[in-house]
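The structures considered in this document are given below.
Two complexes are shown next, each including chain A; its partner changes from chain B in the first to chain C in the second.
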Partner chain A sequence: MALIAVAFLLLTVVMPMHWLTDFAVFCILVLSFDLLYGYMGRLSFGHVLYYGVGMYAASLALVHLAPNPFLAIGAGIFASAVLSSALGFIVVRTEGATFALVNLALNQIGFWLAMSGLQAYTRGEDGLSSSVRAIGFLDFYKVPVAFGFMLVCLLLVFGLLRMLTRSPFGILIRSIKENEERVKFLGYDTLRYKWLTFVIAATLAGFAGTLHALVKGFVAPGDMGPLENARVIFAVLIGGAGNLYGALVGGVVFETMINLLATNIPRWEMFLGIMLLVLVFWFRRGITGYIADLARKFSRSRGKPAERLP
Partner chain B sequence: MFDTILYGLTIGAILYLFSIGLSITFGTMHIINFAHGMIYAIGVYLFISLLPLLWGSFPLSLVAAVAVMLPLAYLVERFVIRRLYGDGIDYAIIATYAILLIGTDLIKLVWGSGPKPVSDPIGIPIQIFGTTVQTYRVVVFLCAVAVFVALRVFFSRHVIGKIVVAALKDRDGVRSLGLDVNKYFSIVFVIGSGLAVMGGVLYAPITVAEPYMGFHVLLLAFAVVIVGGMGNLTGTFFSALGLGQVIALTGRFYPAGADTMVFVVMTLVLLKDPIAELLRRLVGKHGIGNFS
Partner chain C sequence: MISAQGLTKRFGSQTAVDQVNLKFVEGQASGIIGPNGSGKSTLFNMLTGHLPPSVGKIEFGGLDITALPPHERVGMGMARTFQLVSVFDSMTVWENLVLSTGRFADRGSGHRQFFFGPARSKTILENCLGALERVGLQDKAGARTSELSYGDKRMLEIGIALSLKPKLLLLDEPLAGLSDHEIGDVVDLLHEMKQNCTLVIIEHKISKIMDLIERLSVLNDGVLICEGDPEAVLNDPGVRECYWGKQVSNAKG
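Now for the complex of A and B:
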């Protein structure tokens, strides 16, 4: 945990601080997706829907209720939790490609609602701007304060997920990934655990969405478009799925790459495509997996017994 | 009203031509093939470039564009999709998505990122049931029906078609007869890609060509394949025409919701079993009785 904070603070030396603020928000989203995909093995193509729900709920609360950041966060978490609990009941009963595509369809519907269906509330394509009142020293318009707040949020989410994935519950959802039938034979109602994991992941994504609304002060339907899911999936894979540190490394590396590529290389989509192919064919375990392999090889070559990975 | 229905049939025809390939890869390899959108988009742009070279002849340029795209489709199948067979859907989705990204950027590099219009090759309107309609749209629909009939004959009469139909049902069963299933899958994959190019080219005069056209049609085609049943070729035809009507009719009364209505239908179809199960449980729990 302290390591993550130090790493982020060190990165401020080489990168502008408002980049890192965005990275921290994105990392929370990637972490929430890693719980669903990396740990439970359910690939969703519509995870960004809940990010968007949190984002809009927070923004609407800021505009219509009060410009209080904590109220906005509460509203966003509540909205994404309620929606995911309802949809989760139905969605987790599907598997594989169906699960991926039904989430995609729901995301498309949500995107459309934000774009034109509920235009009266969301202002459609023009987007919704909001302002936040400062509470004491917590002033989101000051970049270092916003950065510090996002970093604390990231650490909180990371801590929560680490606790969760190391608990018996975490072992159970990893077992569901490996072989759901056998978990059922052991007498567990897997549907209940899948639902709970789905809701936790979606709510954390909604939390990331509220932070997005707070730090940008502006939300638009484009931020929850169905194709945004690709960014999250790639970030998880680059870092290494099923590993919380992997999600963090992937989130930071991917966002840095996009920021640098989009400004410096005109053909960044092609570059990204080629890199993804390399990733899928030769580099499947991601950066953290690769480092773990390297560390194991290194310790073995020095005659020590290979350490077991957590 | 009649022109709305005809528009729906035209859209349905295009969706059908595009979705065949997707449905086959879904059914045979259990792979969601995003690269299909790349073949479709590049095929259309190639057609636009070939048109002035081939004396402005629409059918000739269509055939030429399909002919050029077939080897490219084979390469995608041989070196990406076949290598990922059996690895689960996630890696295949990512690899084919990467190919779609590369293809989109290639289009921007070669042809620029602005939209390119294609003029209607027939242009003369005709009268049907007292309504004036574009002849071209009728021709597009008839093309799709012709392809449907041809594929029915191919899959029920020709030996390659029969092998593929058998392998859709039981891949291992066909393999144990000593047949190289992969070879036949390659053939139908390439056929499906050719039909996608054809669909794209036929659609171009109705809309415009733009680099992200592959993404857009893919989302709709997923809905077609899901509603029609993965790997069910007859189902794909009827679901494409049905969803074409959904698009056209919603578009007539509420234009902004036209595409989204397709996803509402898809969600309902996907969730019909889980919802039924949920209802059964709820009803059962409250002691009203078990219907199953």
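Now for the complex of A and C:
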């Protein structure tokens, strides 16, 4: 945890701080996706739907209720939790490609609602602006404050997910990834736990969405467009799926690349495609997976056992 | 303990299990034999809830469980092993036992530990090591499961089933693919398990478990053709024909 904080603080030396604020928010989204995909093995092409729901709920709360950041966060978390609880009953009954595409379809519907269906509330393509009142020293218009706040949020989410993934529950969802049928014969209602994991992942994505709304003060349908899922999937693959540190490394590396590529090269998307090919063919387990493999090779050549028990 | 009435499973026009009536008595060990494709595993899959029967009724401990999902049957005291060993290769050996030793499915105080407590806690590790000791794998607790031999994986699978503290354990060809030495270990373990658990065993290597079982059932083409005392069943003309008769005609063909 301290390591993550130090790493982010050190990065402020080489990058503008407002980049890192955005990175921290994006990393929360990537972490939430990693729980669903990396740990439980369920690939969704519609995860940013819940990011969008959190984002719009937060903005609407800021505009219509009160410009209080904590109210906005509460509204965003509540909305994404409620929606994912309801839709979760449908989506966790599907597997594999169907799961991915059902989520994509729902994301598409959500995108359309933001774009035109609910235009009266979302202002459609024009986007929705909101402002946040400062509470004491907590003023989101001051870059270091916003950065510090997002970093703390990132650490909280990371800590929560680390606890969840190291617990017996973590073993359960990894078991579901490997062989769901088998888990049923250990006496667990897998549907219930798949639903729960889906809701946790979606709600954390919604939380990331609220932070996006707070720090940007402006949200638009494009932020939750179906194509945005590619960014999240990319980031997880780059860092290494099924590893929380991987999600962080992937989130930061991916966003850095995008920022640098986009400012220096027109039509930079091609480089992402090439990068994906390299990952798929040579670095299946991403950056952290590659490092872990190297470390294992190294320790084995020195004759250390794979794992020691106390 | 467990009984089936008129149990039938059809896959399209194929009838894999046809009108089977069976009863396994508490405290006994029973064997099921039959040529390949005779419906033994399908029968197991229906008894354990893996497949819904097309027709028929299953009772367990006096309750109708025909429509219950597998996890609820496990909760009632039923455990199984699979024809092809089924363990979690991506994890370490001890991690394979966390879910079955923990009984986290029970509601209540275990919940916090289940979601937020570390799996590597002292109590959980002790439980896992205890379960591994029963099947002689305690020294390999920290190894990756994918690196175990097939025999060790079989032992681990039985250890997982045992740690569920079953009243009824269904084993689908537990000796298949094992060396003679490993077969001895598994059979010894089966004898020990019989003391406090009802066993139902599908096995081709019937000679290895003749000392163990009190009852033997024979399936052929999905039909229960004979059951009763193992010695008597093996000498039954119908059973001999289904095994030897076929072999003779195969040899001719």
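Just so it is clear, the second predicted complex is superposed on the first by the 296 of 310 C-alpha atoms of A that agree within 3 Å, B and C clash if a C-alpha of one lies under 4 Å from a C-alpha of the other, contacts with A are read in each partner's own complex, and residues count from 1 in each chain.
Just so it is clear, a contact is a pair of C-beta atoms (placed from the backbone, for glycine too) under 8 Å apart; a residue touches a chain by one contact, two chains touch by 3 or more.
Predicted model, so just to flag it, every value in this text is computed and none were measured.
When both complexes are superposed on chain A, chain B and chain C end up sitting side by side without clashing.
Of the two partner chains placed by the overlay, only chain B lies in contact with A:270; chain C stays clear of it.
Once the two complexes are laid on top of each other via chain A, the angle at chain A between chain B and chain C, using C-alpha centres, comes to 80°, given in steps of 10.
In the superposed model, A:182 lies in contact with chain C only, and not with chain B.
The wider contact with chain A, measured as residues touched, comes from B rather than the other of chain B and chain C. When the two complexes are overlaid on their common chain A, residue A:169 makes contact with chain C while staying clear of chain B. The minimum CA-CA separation between chain B and chain C in the overlaid arrangement is 11 Å, rounded to the whole angstrom.
Under the contact criterion defined above, no residue of chain A touches both chain B in one complex and chain C in the other. Contacts from chain C toward chain A in the complex involve residues 48-50, 69-71, 74-75, 79-80, 82, 86, 88-92, 94-95, 98-100, 102-105, 113-120, 122, 124-125, 129, 141-144, 147, 160, 164.
Taken in their complex, chain A has these residues touching chain C: 163-164, 166-172, 174-175, 177-179, 181-190, 305-310.
Chain B meets chain A in the complex at residues 26, 30, 32, 80, 83-84, 89-91, 93-95, 97-102, 104-106, 108-109, 215, 219, 222-223, 226, 230, 256-257, 259-260, 263-264, 266-267, 270-271, 273-275, 277-278. In the complex of the two chains, the chain A residues touching chain B come out as 37, 43, 89-90, 93-94, 96-98, 100-102, 104-106, 108-109, 112, 115-117, 226-227, 230, 233-234, 237, 267, 269-270, 272-277, 279-281, 284.
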